[in-house]
Structures are given as structure tokens and as C-alpha cells.
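Can you read through this structure? Questions will come right after.
As written, the chains take the letters A, B, C and D, and residue 1 is the first residue of each chain.
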Amino acid sequence: MMIIMKPNATPEQIEHVIQHIKEAGLNVHLSQGVEATVIGAVGEAHSIPTERFEGLDGVEVVKRITQPFKLASRQFHPENSIFPLDGFQIGANEIVLIAGPCSVESRSQILETAQAVREAGANALRGGVFKPRTSPYSFQGLGEEGLEYLAEAREETGMPIVVEIMSQTQLDLMLKYVDVFQVGARNMQNFNLLRALGETRKSVLLKRGLSATIEELLMSAEYILAGGNKQVILCERGIRTFETATRNTTDINAIPVLKNLTHLPVILDPSHATGHADYVTAVARAAIAAGADGLIVEVHHDPAHAVSDGKQSLRPEKFADMVKQVRAIAEAMGRSIAPIKKPVAVGW
Amino acid sequence: MMIIMKPNATPEQIEHVIQHIKEAGLNVHLSQGVEATVIGAVGEAHSIPTERFEGLDGVEVVKRITQPFKLASRQFHPENSIFPLDGFQIGANEIVLIAGPCSVESRSQILETAQAVREAGANALRGGVFKPRTSPYSFQGLGEEGLEYLAEAREETGMPIVVEIMSQTQLDLMLKYVDVFQVGARNMQNFNLLRALGETRKSVLLKRGLSATIEELLMSAEYILAGGNKQVILCERGIRTFETATRNTTDINAIPVLKNLTHLPVILDPSHATGHADYVTAVARAAIAAGADGLIVEVHHDPAHAVSDGKQSLRPEKFADMVKQVRAIAEAMGRSIAPIKKPVAVGW
Amino acid sequence: MMIIMKPNATPEQIEHVIQHIKEAGLNVHLSQGVEATVIGAVGEAHSIPTERFEGLDGVEVVKRITQPFKLASRQFHPENSIFPLDGFQIGANEIVLIAGPCSVESRSQILETAQAVREAGANALRGGVFKPRTSPYSFQGLGEEGLEYLAEAREETGMPIVVEIMSQTQLDLMLKYVDVFQVGARNMQNFNLLRALGETRKSVLLKRGLSATIEELLMSAEYILAGGNKQVILCERGIRTFETATRNTTDINAIPVLKNLTHLPVILDPSHATGHADYVTAVARAAIAAGADGLIVEVHHDPAHAVSDGKQSLRPEKFADMVKQVRAIAEAMGRSIAPIKKPVAVGW
Amino acid sequence: MMIIMKPNATPEQIEHVIQHIKEAGLNVHLSQGVEATVIGAVGEAHSIPTERFEGLDGVEVVKRITQPFKLASRQFHPENSIFPLDGFQIGANEIVLIAGPCSVESRSQILETAQAVREAGANALRGGVFKPRTSPYSFQGLGEEGLEYLAEAREETGMPIVVEIMSQTQLDLMLKYVDVFQVGARNMQNFNLLRALGETRKSVLLKRGLSATIEELLMSAEYILAGGNKQVILCERGIRTFETATRNTTDINAIPVLKNLTHLPVILDPSHATGHADYVTAVARAAIAAGADGLIVEVHHDPAHAVSDGKQSLRPEKFADMVKQVRAIAEAMGRSIAPIKKPVAVGW
């Protein structure tokens, strides 16, 4: 960490900063310049917040040299993290497609949708059973009943299931059912939840918060990794800006920036990132062209009757068309869509 | 709710929307215009999300007439909500000052700060014992030990204590100690936590999320109110924008907008809203001039050694000066600072 | 335009709004609902700002049915606008690549770069001679001298030249040299300049402002179109958000949204949209995958010595690599890169 | 300027940076740290953009020590800039109130409004005659006719007039009429216009752009100051954020931040900053409490018939009430409202 002092910092202020660096367990490297004094704080600095020095008298600015995240950083882990899901790998050359409805609404809805997205080329099934709704009066999800339907869909289609967790109190129940825990944008900095997930050994799909920086997303991943769980998938899902033509603004820059900073797999959610079914396919193509490792897409067999997110959900046939277009882009990138696992049971 | 159809909407699409309105338990009021058809959906519409209709074919836009929040709305509760804290009232003509350190760091620190802010004019004591830190490697709070120190500070000074809760798993422990639960910006949409707090009968200080709209803040308040807990205090603490000269951007507009929309008390946190001790006093004055019912301010007896938020913490003497300036503004507004409760025990 | 009245609007307020609609030359279509009265204002409403009615007593909200832009709208012009530049077309199936330095710095620099980008596959040459610099102390451009070098580069390479105009006082001079006028982000709402360009019959490349909505971009295009100049190219170049990892945030959603709303060609500037040479290629690929009709890219033969934007400029060989990758994406989209015009003179 | 090299920067890269610093006319101060090398670039660095070094290989980050603005900086001009307007001073202890309609619409409208705001306590009259309208189809202002009416209003009331200039082509005409040139938010980085105004010796009221940082506002002021015109008034008028409850978000932090960074007078425009007449007074009070030197407020004698900005315009009687409330806050701050000049001619 480099602490740049103000041009008129006094020797006492400099001494005070040096004292603080030592108290923090770091070594000091002093450099008296013509315009300003720069004090290096050397050692295990990634665990020390810059604010520890920013408030000291005479300090102009504090600049990290090493990144504040360590386990998530490509600096210490240059090759991509690849980890297996049921039947395919994520983070490797193959692109992963996760699809399904926003909410599990009924047994028939999720079974029907699961078959449809599987046939269209999806590798994994998404579906919410605990729903973070802005209004307390909105549908809040089917809970365990929904998990049972999802488990049945997995058995029928062979696809692993991705389900959002909202609270560590749901962990024990969900552990019995889900393959991948999804952490939603509104919980990206629910640190208690992240810590609890770090104790599990199941994959976690971590969505970027509506106004979270890329660095903050990586710090939240670090919470999970620090618990020993290495299977974190990062997900760009649009950020909140002044533009109202779309629900969110897809930060497509985040894809190459994240691929540069971290070894973790990075996917994109074009459904939330746009909020309109009409724009999902174009942004899905863009994500793959930008280097994403996968997509998570909302698909509903009857969007007009979806209890949530109908406006941004694709009909299965439109999803199938999206897969075709995404496949063409993947091939232009020298990649492919992960193959569909052979069906397990098609008695439905 | 008014559903405005596209100019070229077909009769089938209109019929389809009408069907959906009826399925939602609402009544239909159809109005065929020259340019567009408008369909009113009349009834208990506040519990129905607009997205339920936005995705339907032929729909141009859906516009609420009634607000999506009801218990929080001034429409149904025109007079201010006033509720007592230990020794004073919030939401009334008197202005409430909550002050204290970001984190409880030690027994002596919190006792010393409590006495100092009390003497300077504070009405309540803040102090964090569970800390939402961006980095898993940062200090995470003293936990129950911190609660015990806070309880001791309350006993000595007579001030009620305001403490942040991060997870419903902390609820039982904290219920034994705290007077006001604080919900931090990162948890404003932790709906499980809000619901759990709605079940208690303790005051909740709800901070606006970094990128939450004013309407979303009120919807989160609605979660608590819907559980039967009427004691919700709203807190503007700065939003995230492109400006980097300050830690956040104080949305001062939010004060009169909230006072217009809701009967709940509204306070401001100038420490987080600016991020710099140098700007806290000016923004504290502005908040009161804009109509806020109180302030929550970070004060530390030795900011240079604070384990968190030192940069934005006032020294007690600077806080005392802030109180003087705020008092002058309050008087110009025809208000006053809530009186300091008589000391309980000054044996320290 | 639909004017939705507040639930408690009085008959006098409704009558007042009706009067206003008539004064604006529009016809009235009244619809008395159960919850609210809706008043349609029918006629040439696109020329009337909604604010004309928003401030009236009793008005809840004013909603346009017809778009406020007309000449730019796909509603009235369903097929793509295609117009010829020197040797190729823009807006058609072929993708256009505009490349060159941020600033023209010297004769040799621009001639050398022009040859290099042309060989790499560029169709047009960009280069600034009047530079909008944040600081009055920064290099402000070579002025007419720069235009002469650009003209020489055009003669040598056969590529049309794209040059930024900052003020209508530069128009007469520039008309003698440039093929395409570029309007920079900071001048997107310099309405006097837009109007002046509307009087010309040269193509205009209109960049989106840093915080301009998509609708505002189209309204600015409307200023040029209203003058009779039909040759407007829209350019997404990143918007300003809270994210600081990149210079701007590429709003990739804007590509499909614009292609849906307007018939005008849409291109993307990955250099400004990211601010880092390392991320330009990934975002260039994403733009084409999202449906953009072209790219404008900063290329410098020696970025380390560029007087401006060196950090985001590609070296010619890196640009050539970008073209290869973009070509693969274009082909996956069923499109191609516009062919390079045969050289005119290679005596240099 | 401090250039911090990446931890793994090579000696060649360091040498290359040193070479660049020397080419820029600066002196080098090298400091080889344990973690990183820091190179100081010492001298007239404020005129050199940081990007000149940011793109060089091996550079981690470039940090200015001296501010990029110089004439605007309080560092070199510690006492407040105070300059006289017709009959009162701006930047001194007295608070200045500028009021009037968005647009001059007719002779009677501006004369009537001028008298009304003067009686209510205004010190100067605003009114637009060239209007920057988003739509080419909206009213664009009365032009010179409007200037004549304004001149007549000045003669009658004795108030100086503040008028927006949109282009340097309007300068000669306007010089004959106006006392203060207003530069609107959309033109804050119209550098040609700023430069032209720097050549005049009339006061310039410079509004912050919708997405301009505080530093960029000061750099734009620097353009005017660099031309020798010392009379620049800075104006916060709300920035663009995700919040849609108000037209813009008032950045109240900007008031103390600007007062800290610069010696120039700082005022606030609560009309544009909120967009709603109902919120103007609260934000006007907040501005003065935060330390602003004045206000510019939209007042219309009949907002329902205003051709622009009716929604945010105060009726004269509401403005008079606002003045009363602002006066109380000013007095609490130890300041006063600048006195109204004795009437010159009241024959109207």
C-alpha cells in the first residue's frame, strides 16, 4: 500500500502515519520526494482496509498495490478455475446454458419447462422457490414444495438445479435439494449468507449487486472462497443507471474485466440485464462474444401467466432460437455449447 | 392501475388483458380512445405488481394510480407517526440526535464516547457490534461482548442504544440488549430480516440502500409495518452515483419527498452520506433545513485509531460544535433539539 | 398523449386540463374511470412537451403514446436507412470499421496510421483536429493544418475521413475537407451545432452523451433530420455510471434498443466505452454480436507517445487482430466487413 | 504527479517512463520501494493530463498531487472571490437571490414577474431567450425580442439580468443586453463557448453538467478564468442518477466540497435540482444551510400557462414565502439576504 502525503504534511504527521503502519503489522518504506512524501506499507496489506490510513492527518491518498481480494485473484491463480457440475464442466472451453422460470409455480409448469429448455439445449435448470420481492404483498415462492418439484424435474431431465437462497436459515433445507446455490443481486453483500455458503461444498452462483462495483463483487466472492468453498460462479446481471429504456444496464465491460482479474467462471443473465424478452437474444450473443462462460436465462412456457418476470421471460421456442444464435457466436469464438446430458427418464 | 394499450393493439389482445385483470381479482373499466385503449384495473391493486400486465401482448405501459405501499403511505395516515424512545419522542417537533462510533471497539472506548456525545447533546447512542465489511479479512465486530458494553453505556448515560442487525439469526441475542434495531444499506432488501423485525415491537431504523429508489425504501418499510411493527424510522444515507469527490451523494431531495409520501419519521446520516469529517456539519445543517426529524452521526474519541470509518468520524468536540450549529437551524425552522435526559449514573 | 388525473381531481381541474389541450391545438378524448379520469390529447402531439400538462393541478402523470421523435422513428420508416460513404454503404448488411488516432498530431503520424489501418481492414479514417479537452492547458488540436494532413491521407488511401466538429463556427472550414462530421458526446445537446449540421448534406456521426438517455440521443438526431439532412449515424460510446474499473460503462443494451426504435445506422466506439486497450477487442466483438452496424476505434502507431487517449488506443497490429476477430463474429451473424476500397495512390 | 509502477515493472519500463516525464518538461524524482517503484514528476504538472503516463507499459496508476485547476483553486487564492453585480455583491456574506421565469414569453409576462420577484426579495432577474430544448419541435425562445423585454424589466426594477447563452454566435448580440451570462448544464463542456466568455468581462453563471464531476465543473471554470475573466459563479443544479422521484438529484455535498476547493461563489438552483414546485423551498433552505452563496429560482406568474418548466416554477406568492424561510436560515448561519436595490422607475 502506498500512502501519499499532502505536499504540506508535517514531520509529525509523517511520523504518525509510520506509527500506524507498524501497529497494523506492516513494514515501512519511506520515500521523501520534492513535491510529496510517499510511505510504502509493505506486507500482508490485502487484509487491511485503506480507510485505516485515509483519515490520518496529512494523508492525501492511499493506493493499494496488491488487490484487496486474494483467493479470487488471477495474480495468484493464473489458470481458469474449472469445476464440474452434474454432467458438464463450468469455466472450461464449453459454454454453459442455465434456463428456467423465474419462480416455480406448479409441478406441471416446472416439469414442462424443464423438458422444453433441455430439448432446446440448456445444461441446467433454474427456478426460484424463495422469492425476494420488492412488495410484501407479492407472491413469495412455493418454498419446500417448489424444491420437491425441482428435484422431480432433475430426475426426469438429468439437469442439475440452480436455486436462489435468501437467508442462511434456508440452508439446511436447501442443501438436501439444490446443486447450485444462487445468491441474488440484493444479497450480494449479505455477508452472513456468504459466509454460510463458504462452509458448504456446493457451487455458488453469485450475482452482482445493482450498484456493486466489480471489485466489490470479487470481495463478496472472497467471503465464500475464504470459507474453503472454491466453486464460485460470478454473474453480471445489469447494473442500475439513469437509463430507463431497459430494466438495467448490461455492463458488458465487466466480462473482459472480470476474466482479466479473476480465474473464476463468469456468466451473464440477459433477462434481468435487459428486462425485455425482445432484447434477451441480442445481449446473450454479446455476452458470449465478450468472453462469458455461460448464460442464465428466464424461460416460461406461458409468460403472460407467469407470476413474476413475465415481461423478460422467453417462450421455449424463442429460447431454442436464442441457443442457435448463441451457438454460432460460440463457434466463431472457438468454443462450443456444453453438450446435453443423455436423458435419465422420460416417462413424463 | 391503468393499462394503456399500444395504438395498434388488437381486440384479442385487449380481451386477453381484461381476462388477466379479472384473474387477478380486480374489476375492469374499459375506455376506448381514439389513439389508444385504456383499461382500468380497479380494486386492491396495491398488492399486484405491474409486471403482471406489462408483459402481455399489446400493452404499452402500466401505470399505478394507488401507491404500491399502503401502511407507509401518508394517503391513509395523514398525520405524522410519532413514537417514544427512552426519554424522548421521534417524529414530533423535536429533532433527535443519534451519535456514537461506527464500531464498538472496547469497553473504555464506548463508555468514553457515550459520555462525550451525551454531554454534547446527543439523545441516543449508536455503535456496531456485527459489522458488514466488504472484505472478509476486516474486523467484523465484537459481537455479544460489544452488546454488553453498550448496555453498560446505556445504564451510565441513560441513552437508548441503536445497533445494526445483519441477520435474523442475531435477533434473539440482540432483543435482550438493543432499543433500536438498525438495518444497514446493504440489507435494505434483505426481506427475511425485515419480516423478522416486523414481528418484534422494537423500533427499526431502516437505511436506504446504495441504489434503492425512494419507492423501494418505502416498500421495505412496508415489510416491517405489515408484520405489525409500527415503529419504523427511515434514514437517507447517501446514494451511489458517478461523483467520487465524496463517498456517496446525499440525496437531500429525499427528505421533502419522503415527508410528503409517508408519515414515518425521516432522519439523515451525514457521516456515510459524505464520507469526510470535514463535510459532515454542513450536510447535517442542510438535512435539518430540508425538514429531517433527526441525524445519526459517527463520533469517535480518536478517529485516527478507529478500526472503521475513521475518515468520516467527528471528534467529540467537533460533534459538540455541530450540535450548536444544527440547533440554530432547528430554531430557524421552529423546531428544537430533543432535550438530554437527566443522567442516570455518573460513577464512571 | 394520455393525461391521467389524480383520484381526487376536481371537475374544475379536469376542465382546466381540457382547456389546455385545446389551446395546444389537440383534440380531447375524455374517459371517466372509477379510480381516475384519463384524458386523451389527440393530434400532432409529438411536438408538444409533456411538461406542458405535467404541472397542471390534479394531474397525476402524462404518458406519450406516440414517440417524441418522428423522423428518426422506425414507426414511420420501417426499413433501415442506408446511405453511401465514399466506396461503401453504411446501415446495410456490411459492417463498417472507422479507425485512426484520437488527435492528428503530425503529417507522418496520420499518413502512417492511415496506411496501417487501411491494410488492417478499416473503411474510413478518424482523426481529431479540434479537441474537446477537459483542461484549457491540454493540447487543443492542430486545426486546419490537421485537416490538410487528413485530406492527404484520404488521397493516399482512398478512405473517407471522419472529423469531430465542436462549434458551428468551424463549419465552413470543415465543409471543405471532411466526409463525415462527428459530434462528440459533450456536444450531443449543443442544439445550435446540430441545427447547423442539419443544413448540410454531409453524414453526421452523432455520439451519445455521457448521461444522455437513448430517447435524448434520438431527439438530438431529430434536430439534424429536421433540417433535411437524412444521413445520421448513431454511436454508443459508453455512459457514465458508478463503476470505475473502466472509463465508461458500455451500454450494450442500447444497440438492440436503438435498432428497434430507429431506422438509422448504429455503431459503437469500444475505445471510449472501455478506456483500456486491453478491453477494446472483446467489446468490439460484443457490439457486432449485439447487432451494431459498425465500429469506430482509436488506433495509434505509438500509443505511448499519443498526445491524447494513448491508454485506450490500439497499436495497428492489435487493431488488425481485432478486425480478424470481429470478422468471425460478423460472419456468424450472417454479415461481413465492408470491403477495402482499392488503393488510390501508394506513393508514400 | 506520482507515477506508481506495477510491482513487476521492468527497469526498461521505468526508464521509459522517466524519458516521458522529461519530454513533458518535468523533473524526475525516483523512489525504488520494496513493493513498487514510485516516480515523481515535478514541475508545472497541472497542465499535463495524467493520461499522458497512464498508458505506458508497467504503469499501475498516476496520481496528481497538485490539482488540475489552478486559477479556480483555493490553494492559490485562499480568500473568497467577491465581485459586484449591479447594486450588490456576490461571494460575500450576503446571500443573492436570482429569480424569474424559465423563458421570456411576452413583454407583460416578464415585466409582471420582474416586479413580483423584486417585491418578494429577489436581487436579480433570470429569463431565457434562447432555449436549449430536447425537441426541435418545442418553443426555442424569443431571441432578441426577449432581450429587449428583459432590458425594459431591468430599467423598471433596477435588477441586473441573467440570461443563458447557448453559442458563441449569440455573444455579440447578448453583450449589448445582459449583465450575467448563464451557461447551461448541457453546455458546461462547450469549450469554444467557455473560451469566448473568458474573453468578455461580464459575470458568468456556470451550471454543472448533468453528469459532470465537481472537478470537471472546476476545469470548465478554469477555461473562463484562463481568458482573464475572473467573474465566475458556480451553480449546482442537480445531477442525473437512477432516482426518478425527482427530475434530478440535488448533490448537496457539492456545496461544502466546492467551498473547500475553490474561492469562487457557489449557488444552487432548487428548481431544476428537484423539478417540482412542492420541493423547491425545502431544498432552497438546505442549500443555504449547507453554505451556498445564493439561489437561482424559477418563478412564473401563471405556471399552468408557462411554455416551459411550469411544473417546477413557483408562483410569486410562493416565492415570497420561500424568501422568508430562506432568510430565517440565512440568519441562523450569521448571514443575510442581499438588500433590494431602491426602485429606479415604477411607472409600469
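Simple rule for what comes next: a contact is a pair of C-beta atoms (placed from the backbone, for glycine too) under 8 Å apart; a residue touches a chain by one contact, two chains touch by 3 or more.
A quick note: this is a predicted structure, and the numbers were derived from the prediction, not measured.
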{"item": "Chain pair with more C-beta contacts, B-D versus B-C", "value": "B-D"}
{"item": "Chain separated most widely from chain C, comparing mean CA positions", "value": "B"}
{"item": "Length of the line joining the C-alpha centres of chain A and chain B, rounded to whole Å", "value": "27"}
{"item": "Inter-centroid spacing, chain C versus chain B (mean Cα positions, whole Å)", "value": "41"}
{"item": "Between chain B and chain D, centroid-to-centroid distance (C-alpha), Å", "value": "32"}
{"item": "Residue list for chain C, restricted to those that touch at least two other chains", "value": "211, 240-242, 244"}
{"item": "Complex contacts: residues of chain D adjacent to chain A", "value": "2, 4, 7, 27, 29, 31, 33-36, 38, 40, 42, 60-61, 63, 65-66, 211, 240-242, 244"}
{"item": "Residue ranges of chain D in contact with chain B within the complex", "value": "211, 213-215, 238-239, 241-246, 249-257, 260, 273-274, 278-279, 282-283, 285-291, 328-329, 331-333"}
{"item": "Chain A-facing residues of chain B, complex", "value": "16, 20, 46-49, 51-52, 54-57, 68-69, 132-138, 166-169, 186-187, 189-193, 195, 209-211, 216, 219, 222-223, 226, 240, 277, 303-304, 306-313"}
